[in-house]
Structures are given as structure tokens and as C-alpha cells.
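Here the chain labels run A, B, C and D in written order, and each chain numbers its own residues starting at 1.
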Amino acid sequence: MMDALDIFATAGLWAAVLRIATPLIFGTLGALVCERAGVLNLGIEGIMTFGAMVGWLTVYHGGDLWLGLAAAALAGAAFGLLHALLTVPLGLSQHVTGLGITLFASSLSYYIFRLVVPVSGTPPTIEPFQPLRIPYLSDLPFLGEAVFAQTAPTYVAILLAFLIALALQKTPLGLAVRIVGENPHAAEAQGIDPIRVRIASVVFGSALMALGGAFLTLAAFNSFFPTMVQGRGWVCIALVVFASWRPERALLGALLFALFDAYQLRLSHVVGKAVPYQVFLMIPYLLSIAALLVMARRARVPQALMQPFRRGER
Amino acid sequence: AEKLKVAGIHASPVENAWNSRLHEALLAAAKDGVIEYTFSEGVSGTDYPRAMREYAEAGNKLIVGESYAVETEARQVAADYPGTAFLMGSSGGPAGDNFGTFGTWNHEAAYLAGMLAGPMSKTGTFGTVGAIPIPEVNILINAFRAGVKETRPDAKFLVGFIGTFFDPPKARESGLAQIDAGADILFGERIGTADAAKEKGIKSIGSLIDYTPRYPETVFANAMWYFRPILDAAIKDTQAGAKTGKDYSPFSYMKEGGNDIVFTESMVIADTIPAMQAKREAIKAGTFTVPVDPSEPT
Amino acid sequence: MSARALELNGITKRFGALVANDDVTLTLGQGELLALLGENGAGKTTLMNILFGHYTADSGSVAAFGRTLPPGKPRAAIEAGIGMVHQHFALAANLSVIENVIAGTERLGALALNKRAARVKLAALSERFGLTVDPDARVGDLSVGERQRVEILKSLYRDARVLILDEPTAVLTHQEAERLYRTLRGMAEQGLSIIFISHKLHEVLAAADRVVVLRGGKVVAERKAGDTNREELAELMVGRRVARPHRDAQTPGAVALKADRVSVMSGGASLLSDVSFEVRAGETLGVIGVSGNGQSTLGRLVSGLVSPSSGSLDLFGHPVAQFSPRGFVEMGVGRIPEDRNADGAIGEMTIWENAVLERIGEKRFSSGGLVRRGPARAFAAEIIRRFDVRGGGPDTATRLLSGGNMQKLILGRNLITAPKILVAAQPTRGLDEGAVAAVHAEILAARRAGTAVLLISEDLDEVVALADRVQAIVKGRLSPPIPVSDADPRRLGLMMAGAWDEAA
Amino acid sequence: MRLERRAHVPLSLAIAAPIGAVVAALILAGLLIALAGVPVFEAYRRMLIGAFGSRLSISETLTRTTPLILTGLAAAVAFRSRVWNIGAEGQFYLGALATAALGSKLGLHLAPLVEIPILMLAGALAGALLLLVPLGLRLKFGVDEVVTTLLLNFVAVLFVSMMIEGPLKDPLAFGWPQSVPILADMALPKLLPRSRLHIGLLVAIGLALVLYFIQSRTRFGLEARAAGLNPQAARFAGVPIGSILVRVALISGGLAGLAGAIEVLGVKGYVTTDLSPGFGYTGVVVAMLAGLNPIGVIVAALFVATMFVGADGMSRAMGVPSFIADVIVALSLLTMLVALLLANYRVRR
């Protein structure tokens, strides 16, 4: 039998980490993009659920897996648009609207799923994404199995983290998003329309969230069922904070969280129940709160987060 | 005879393996013209007692479901509606005249599956993924282990509990974790386990339902559980006006047709089949009793 | 006349029932330096916001260099060569200078920001107009003057040919202001057309080519800077000759308020250092200073909101042990906060609630934890009557009051109880001349009744009119007092610049 | 398009807006019901029956209303002072756990008349303490409480899970993760025999009235409102913001904790991790629907409970997926938010 430390030497652990992290990476990046533009999107849990449902349904009805992802992204974008319209031009309180969107999107996805998929004895399944073998890399001794035996969306998620980090720092659009999140009045004075930028960011971010959900039904598993997102959306909200609103750190945070989860699953085989598994699951939340504590002092929070911008009002 | 009005209340969606066994048996009974069946699913603990009361008030004579999460309240409801029979999957015992219970006893089939599995493993390590360490789950896993031990005395076992009844991705992750830890045969008390086995190209065993059609290359045996005998017994008692406040679990026994093994001959080691079949007959004949061990496997 | 840079035609803008701009027509010639004048609330900022596209006018049109601008599109204004420096800075504190400058200047679809080229251009502009600032500094770390420069650079960077500055000197020292006007002059000579807004008439007369006066949203006059004077402009702004009341000589009584070497620290920064002063009953001490030098902190200190980190503050000869707003109110300190919207009143609450909030602990307004609404309403009604608060009764939401009336409410709730000490911070900020006269009369009446008044104000005329003695606050330090009879503009200017010895 | 705040909201609009919102939500949900191939009006009729058609349904609706009033009040009280307590769910669970632990055979063993109030207080205290953490972080370090209260929900539920699988696990529950049960005589008296309806409902309604009185008549109510509306001005006026907000948090967290306590004492008897079908989150919905008014909270809680129980019954009767109940509540919230905005603002161009 191995001991608690040997677990880290198994390639399976690291493969699991990447797999568990993927929906979190998508979701966290999505929430992060919204928040960098100044909009808190607590609709994430519902949007992920809806994405999981739509993505799965598309494939179940004969669609290609990539089409399933696209459909999920589109559905996420639609809910993002709803959240954005309510919170940006109308300026409704972001957290309450977000909770409403979560309630709405998740109950609606269960409802639609039940209407469209007839009740059957066992959950209907689809053929999910298979691990994508990358020439040479996948044949590497340890790394091949640990890192390069993932499904395509996992690679996409990791790539996205870096792309979004680059885009935020290095492109005019990214700068526009940041300035809107810091001070929409400053943005407006520079000829940037804060309302449009916010709406676009929320729509884009929500599409990413939905991709995170779709990963659950199209890659991590092969069927949809109610409550399957299991609070992952809230974890993402925590991770954004933990990452101090930086995409590359969001990636790191998601991986760290996944490591806790994957390790915890394996640890129980080794040491039994010495440490309650709940402790591991709590750590990411507590770490995020601790991170907030440090962050609040440094004022790295997007300054206009949760502040509605109404044109011509002061 | 007049059709009996029966309601099913499923705490999980009816896709959940366990619920699907009840659901299918009830649907079949309805198709046979014995009962009239209505149901609701995904009923949370908070809503469950209300659903029971509603169905009782709507004139259902037999209400089938599960009281695991609402043992106290469910018995209270039954006491409030003496004219309705309740047949509940439960870890506790029956109560009053009208609160009957049953356990999910497919441990006999699991024992047989274990016998087939024993020699198939290269590593000698067997994983099991369970929901929560409650007696029914424990009995099942322990019976499987006992079956393995019979053909593979040096076997090592891993066990994972996912802490919930329906979270296939989590069951899958747990299965993968066990494979990482050396298991090359998985006993999947929970749906999702076989997905892990399939992904890693090892073999697995299903429980409750027949997983082989879904995972033809992976699942070589299933410890089937059939609800129909229990249901039929309860229907008979209800129609006869007899006391239904009793334990219907014995109708899960193999000799009653309540559980059995289903396996794919081409996937197992041929020499092991005769011994297993002999054991099966012994169980049916009552000459061999599969040990019932409700303690938490470690 | 030179070619037209801007033409505003028949601009009308309403906010609810209020007409902020009423059929305003205005032109700006190329290379011209135009001053826009008007009392607070005259609609100057609104007009500029319409011009820049922040607000959409209800009617009227804006044309730049002969081309009509689409309404409500700042981007179009920017593209037409208009740059605006806002009354309240529009900067993102967490971004760097260069990021603030180049945001929105490049195509949003572009794949990369061209920071290197931007840096070169910014350096050239800084050089040419003498506006130096570190392009990589975080804006939040800059001083007010530096932020002002960033604001101007933002416009210049976009090749603005028309520059609008809304009260650019409000936060600058006299020297900084003079430097700014020199820069603006230079810019105008290089062909830029400039509109600036200011309340400081001497600046206007010195810097502008032409002056346009707005009153009640209408253009009421237009003058060449050389053809007018302060008195005329003041009268044009208010619409009538306003006589401010005069202070009578009076012998002060005992020391009511005394600060002895008080320092206030916050987050490692020293906001006040070694501040000493005293105010006697029946006397007014004026504290002048440019904003950002600690006036706010001083006001907050004597309002019981912040406590000293060293030194002591005596009220009626006893050092204050516990600094709390209610404690100060109970000891008879009336407090007029400088920012009436932020500190003075809660818009969503009724007038009576605002009237009694700071003394809700008194027996007459609450007992046993319950609010006594009757007496509270009566108190509010009394304030409304005696201080002529117009626009509603005790149960009206306070936000519905105009700024001046809100100020009267705040003044009233302090003066109606005959305070022994009155702390008045910028008491007439945001008031029209009529209201200013009324407030001055009330403050003088309180002094006459034996109240010790601490007047903190940026308005030199106000200080000269009300105070017996004057001290200046500069970088958190207080100058020695001088009698107001010795205060002439030059001397006050030197004091405010920190040159106390020269002023003495 | 621009929104401009109305100086006065006409009474007719103030009444019409919420009604319009509910109607709009029902119409939208009607489309979804129609998708299920079910006659919409019949479905709504069934929903009404499901909620009010029998002694059972009325008692069930009111049973469901009880915790929602309390969590609704918890949100309303906090939101009115701009304390964004999204953590009622976690506070609910801690309240429930404290009550179950102290009320069980491991606990106090006092006379029921003495112990039941103590148990309620203990539940309230547990909830209150949980909210004090994020509030303290906000007051001391300026950490925004929206995210911290949200995150603490998960910590709280995991903690409860840990306890009921650990030291507080019921040894007689056949391995099921549930807490030790309260002693039988600690159960709250029923309001109706043969039903789940218990006197907790009266406690909740009573507290709503008390809270209404506190908010509208007391000095604390006035100061708490001032602190919420404009903390800076309130501080200038000498309102001790810190201690006021601490008291607000104690009340808010306490109410949410009490909701958990009452659910244990009145209905369930022990704690599981599915004790609450999102009562804490739904409390936010209730509070918003009520416009943060305590009396309104009673009505809004009744409305939400009606929708849940009614739609649940309707789904059984008509074969519409039961998830429609949540859909209707969510739609009501969203339409209500918009309606309230439109009542307070005027749309211009």
C-alpha cells in the first residue's frame, strides 16, 4: 500500500486534477471577465447547469460534440445577456439578480430536460469527448499520462486562461474592459461605452461559464441530471477572489482546488478517514476569504465592481 | 379485481439505478393491469412527507418509496393515514399496521459476482464505490468481498464512499482513484463507476441494474435486484386487507426471484462458472446462506 | 472673427421639472480662450456634458468645425477633436497613467496595444506643453496636480483641437493655477480652442479672451474680458446686486475651543501636524486653504469624527477625552459639514428624520428606545419656518430639496439650538448669492449671540467678510493667526502658499 | 434610453407594479406549462388547489411559509442597512445544528417549557455568530460581505456534514449521516393535528410584526436605516455605525439561525444536509419581493410557499415536471425587480 505522500507520485492524480479543474477554469474565467468589467455574476451556478443541459441535449439529438459546446456557449450567452440587461442598463442590484438568474436557469434546465427527454429507467447517455492524444507529448513517461491524456476542452480551458490574461493586459479591448471595471466614468470620457463593454463582457463571461457546465456532461461524464453542477459555480466565484482577478492565477487556483478534491478522494483509500473529507472541501473557501482579507488592503478589487453605471446620473 | 391505486415517490430522479428498479416494476405491474400507477420524482426531504400525505389523500391505497432521509416523519404520516399502506425502502423496521419496509438485498448476487471476479484480477486489488456506509450498502459490499475471498483468498480491497446517492461524475472520479491505487476490478455499487473502468480498460461489475448493454466491453457481471416480488407481496396484502406493517425484505432473496446474477460468459474465466453456478443453486435451495455483514467495510 | 471651432445651438436640457439649460446658444472661435461663468447650478457642467455627449440634450444641436455632432456620443465628440477635463476627475486609479491615456484610442478589435508609440507621443506632448508626469505611475498614487495634468494629457494625446476644462483650478494651489493658465495660453496660441469654467473671477479676467455668463440655464451676457470687471460679472451671475451683511466689532469672551499642538495621522500619512488655535465666544476664526491641505480633516476633528494622534483639543477649558459626534453635539457644538450630500443629510430620509438624527439620543426626541415623532416633527417644522426652508414639510424626502434649501436645513438644525461653538466648513459652497447672504447673516447672528465660530473656507471673500482672525492651512500645518484687518489678497495668498514669514 | 428617478411614486403604480410582475411571471411560466402539452388554466387552477384546496394543502403551504418568513426577514433586515447577507443558508444550518445538538439526549435535559425557548435562542445565536465573521471583516478590513457570506454558506454546510458524520452523528440512524434527534418532548406543538403545521408560524409572524415596529418606531430602527442609506452621513450624525451594524447582523443572522432551529424543532427533529431546500437563498427572493418591508415579507413568503407547494401539487396532478415551481418563483423575482425599478424610475428616450 502507498502512503499519503506517494499519492502525489501517481500520474492518475494529476490527470484527475486537470479533469476536475477544467469546469472550474472555464467558470472562473467567465466570472472573472464579468467582474473585471464591474459586474458580479452570481448567475454562474445556474448558467453552468443550463450549459450542461443544452450541451448534452444537442449531442443527444445527434449534434457533434463541438456543436454541443457551441450550443452551450450560446445558451450561456443568452442568460448572460439577461443578467447584463437587468444589471447594466437597468442597474438592478447585481447579487440579487444573479441569485434570481441561478434559480431561473437551473430550474429551467431541469424543466426543459424533463420535457424533452422522456423519463427512462437509466440516464440516457452520449458518447463523450475522448482523451486527445498529442503526438510525442502523450508518450512521455509520466507526463504523458498525467498531463497529456486529457480531453480537448481541457487544453482549450488552459489555453484560454493565458489568452484572456494576455487580452486583458495587452489589447485595447482588454484595457477597455479593465477601465470600465475600475471607473466607468473614466471609460466614457475616453469614448468607450461602458454599458456596451459591460454587456459584452457579461455575455462573453457567461458563455465561458456555460462551457464549464457543458464540460461536465460532454467530457467529465456522459449524461445530464439535475443538481449535477453541485456548487461548482460558487467555487468559481471564490476562485476569482482567490486569484485576485487575474486569469493566470485563476488557472492556478482552479488547479489547486482540484488538487484538494482529487487528493481527498485518493487519500481516503490510503489512510481511511483520519481527516474528515469535508476539511479538504472547506479549504478553498477559507483560502478565498483569507485572500480577500489580504486583497482588501491592497485595493486590487476592480473599483467599480457591483456599482451600477447610469449614464447622465451622478 | 379492481385495479389498486398505487403511487410512487422517488427521492431521486427515476434515472437513478435504485429508483429505476422500483419504477420499472411499478410500470410493469401497471402494464399487467394489476395497478394504476402515478409517481413523482426528485422529491426532496422537505417535500417528501407532503407528497406522501397528498397521495394518501388522493385515494392511493399503496404508496411506494423510500424513507431513508425521513424515517421519523414517514412513520408519522403512516400513523396519520391508517387506511393507506406504505411500502418504503428503509434502514429501519416496519411500524404500525400499515408501514412496511424493505431492504435492497442483492447481496447474494454480489457474492456470486465476487466469485467470478476473484481470479480475473491481475493485481489482486478490488475496488468498490459505494454511496454512504449504511447497512444495505455495507452488506452488499461485504458480500461481494466474501465472494471474492472464496476464489481469491489473498485479495486486497479498496472502498470509496461518495457521500451521496446520485453523483455519477463523483463515482467515476472515485473509481479512477481506486484504479490509480491498483484496483483492476471495480464493483460499482453506484452508477458512474463503470465509466471509470471503461476509460482505464479494466473490468467492472454492476449492481441493481444490468449495466452490460451500456458497457459491453467493461461490465462482465451484474448483481441484479428485482423489486417485483416485494411489490407483488405488498399488493397482495393490501388487496387482502392484511397487515402491511411488516418487513418485506425477504422477498429480495434469490429464492423468491428478488435478486440474481447476470453475466457475460465470454468475459469471465470459464473454469469459475461451474463453482459459481453450484453456489447459486445452493443459495436457492437454502443450503448456503450468504453472510449478512452490515458493518462498514474499510 | 476667427473660424468657428464650436457652435452650440439652442440647447435645452431638463432634469425632471428643472431646466438646467434653457435655449443656450454659444460659439467658440479657433484659438480662443473662453470662460464660462455662472453661479453654482447655473448649468455650466450640464452644458459641457451635452457638448461632449455625456448627456443628451432635449433639443438643440452641437457642431464642431462646421460638422454637426450626433447627440449622446462622447466618442463622436472625441473624434471631432474635442477633449474634456471633468470637474470630478475621470480617471481609473488602479491603472497606470499611460493606460488611462490610451484607453479607447485604439481600435477595440486590434490585437495589441501599441504602448511604445504611445509612450513616445506622450513624452513629446509633455515636453511641448510642460506637463510632466511618469507614464508608468499608478494614477491612484499621483497628487491632485499630477492627476490634473494626466487629464489634460488625455485630451492632447487624442489631438484635441478644442479643450474643455470644468473648474480646473478648484483643486490647485494659486501657483499651480497660474502655471495652468500659462499653459492654456500657450496652447491657445498654438491654435487650440479652449473653454474653461471657473468661479474665481480674477482668474477669469486675467486668462480669458471672452466671458459668457450663464444664469438659471440661460446665457445672460457675453463680454470681452477687457471690457468688464469683477463687480459687473458678479452682478451678471446673480442677476441683482447682492449686499452681503457686515460684521460688527465685538469683544470676544472666554476661550471656547482650543487646539494645542494637535496632530492627526491616518494610515501612516500625517493629515494635520502640530495644529494650534483658539476661538473665543463671540469670535470667528477663519481657516483658509486650498483643498487637499487638511481643511477636511480639521473640520472632522472639531466635529468629533476623528481623534488626534497627539496634542489636545479643549472645549470650554476641558480637554476632550472621547471624540464622538454625539458627544460634541451634546457639549453644544453645531457642525456644518463641507459636503452636504455626503455628510450633511440622508436624501432618502424625511426632513424630520434628518433634523433630529444627530440628537436622537436627547430625551425630547426619544425615550425608552422609542422615537417621539411628535416633538421631532415639531422641531423640523420650527426649522423650516425659522430658516425659510422651501420645498417641503417635515415628511418630505430630503433628496427633493434643492442644494440651497438642504444647506438651510443643516444650518437650521444647528443654529436653532443656539450652539456655544459652531464649526462651519465651506458653509456656502454650492449656494447662490442670495442664499450666501442669508447664511452669512445667520453665522454673524450666532457670533453676536456669543457663539464661538470656526469657519473653514476656501472662499477668501467669505473669510474676510465673516472672520475676526485668519489662519491658513498648508500641508496639514496651521499658520499663525493674523487679524482680518491686516488681510489683503497678497498676504492671504502668501499664507496659503505656505510663505508665512513673508506674509507676516 | 435613460432612467430618471421619479420624485414621487404614485400609489396606483406602487400597487400595480408588483401585481403586474406576478402576472407577467405567470404568463411566462404559462408558456412553459403549455410546452408540456397541458392546458394552462387548468394547471393554474390545480396549482391553487394544490396550495389551498384542502386542509392538508393549506397546512403544508403554511408550514413552508414559516422558514421563509424568517429567512426573508433575515435578508430584509440586513439589506435595509445595506448589509448584504447572502449567507442565510449557512446561518440556517448552523442554527439547526446547535438546536439539534442541545435539544438531543446529549444536550440540556431541561423542562420543555424552559428548554424550547433556550433552543431557539441557541439556534439564533449560532446563526448570528456566523454572520458576525463577515461583518467583522467588513468593518475591520473593508472586505465586501457579498462574497464572504456566500462562501461561508458552503463552509457551514460542510461543517454540518462533518458534525453529522462525526461527533453529532445519530448512532441509531443505521449509518445515515444525520444528527442526533431532539428529544421527543422538545418538538414544537402542532397548530393542526395530523399535519406538519406547528406554532413556529406564529413565532415567525410575531417576529415580523415586532421587526416592523422596531424599524418604524424605535431609535434603533431609525439609526439602522440611516446607517444603511448613507453611512457617511450617519457617522457624521453620530450614529455608531459599527455597533448598529453589529446589532443588525445579530438580528439578521439570528433570524436565519432561528429558521433552522424552528425547522428542526417543528418539522424534522434532526439535521441532515438537505434540511433546507435553499430556504436561505429563497429568503433573499422573499425579501426583495417584499420591498424589504417586514409585513411584506409575510405576504411574500406566503406567495413563494404557495407557488412551491401549489406547483408541486399541480405537477403531480397534471404531469408537469415539478421544477416548474422554481421556475415560477425565479420569474416572479426577476419580473418583480424590473417592475419595482420601473415604478421608481421613469424611462426617457
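As a convention for this text, contacts are C-beta pairs under 8 Å (C-beta built on N, C-alpha and C of every residue); 3 or more make two chains touch, one makes a residue touch a chain.
To keep track of the chains, here are their UniProt names: A, D = Simple sugar transport system permease protein; C = Simple sugar transport system ATP-binding protein.
Since we're looking at a predicted model, the values are computed, not measured.
By mean C-alpha position, what chain is farthest away from chain D?
It is C whose centre lies farthest from that of chain D.
Which two chains does the highest number of contacting C-beta pairs join?
Pair with the most C-beta pairs in contact: A-D.
Using mean CA coordinates as chain centres, what's the gap between chain A and chain D in Å?
28
What is the distance, in whole Å, between the centres of chain C and chain D, each centre taken as the mean of its C-alpha atoms?
One centre to the other, that is 45 Å.
Chain A to chain B: how many Å between their CA centres?
36
Using the touch rule from the top of the page, what residues of chain C touch 2 or more other chains?
56
List, in ascending order, every residue of chain D touching at least 2 other chains.
2, 161, 323
Please output the residue numbers of chain A that touch at least 2 other chains, ranges allowed.
In chain A, 110, 226, 311-312 touch at least two other chains.
What chain pairs are in touch here?
Per the contact definition above, the touching pairs are A-B, A-C, A-D, B-D, C-D.
For chain A, which residues count as touching chain C in their complex?
Checking each residue of chain A against chain C gives 170-173, 175-176, 178-179, 182-183, 185-193, 299-300, 302-303, 311-312.
Would you mind writing out the residues of chain B in touch with chain A in their complex?
Result: residues 13-15, 17, 20, 23-24, 41-42, 158-161, 163, 166-170, 172-174, 176-181, 191-192, 195, 209, 214, 298 of chain B touch chain A.
Using the touch rule from the top, collect the residues of chain D that touch chain C in their complex.
2, 4, 7, 217-223, 225-226, 229-230, 232-239, 349
Could you pull out which chain D residues touch chain B in their complex?
It is residues 54, 56-57, 60, 64, 161, 173-178, 181, 194, 196, 267-270, 272, 274-277, 309, 312-313, 315-316, 322-323 of chain D that touch chain B.
So in the complex, which bits of chain C are touching chain D?
Checking each residue of chain C against chain D gives 15-17, 56, 303-305, 324-327, 329, 335, 337, 342-349, 353, 357-358, 360-361, 366, 369-371, 400.
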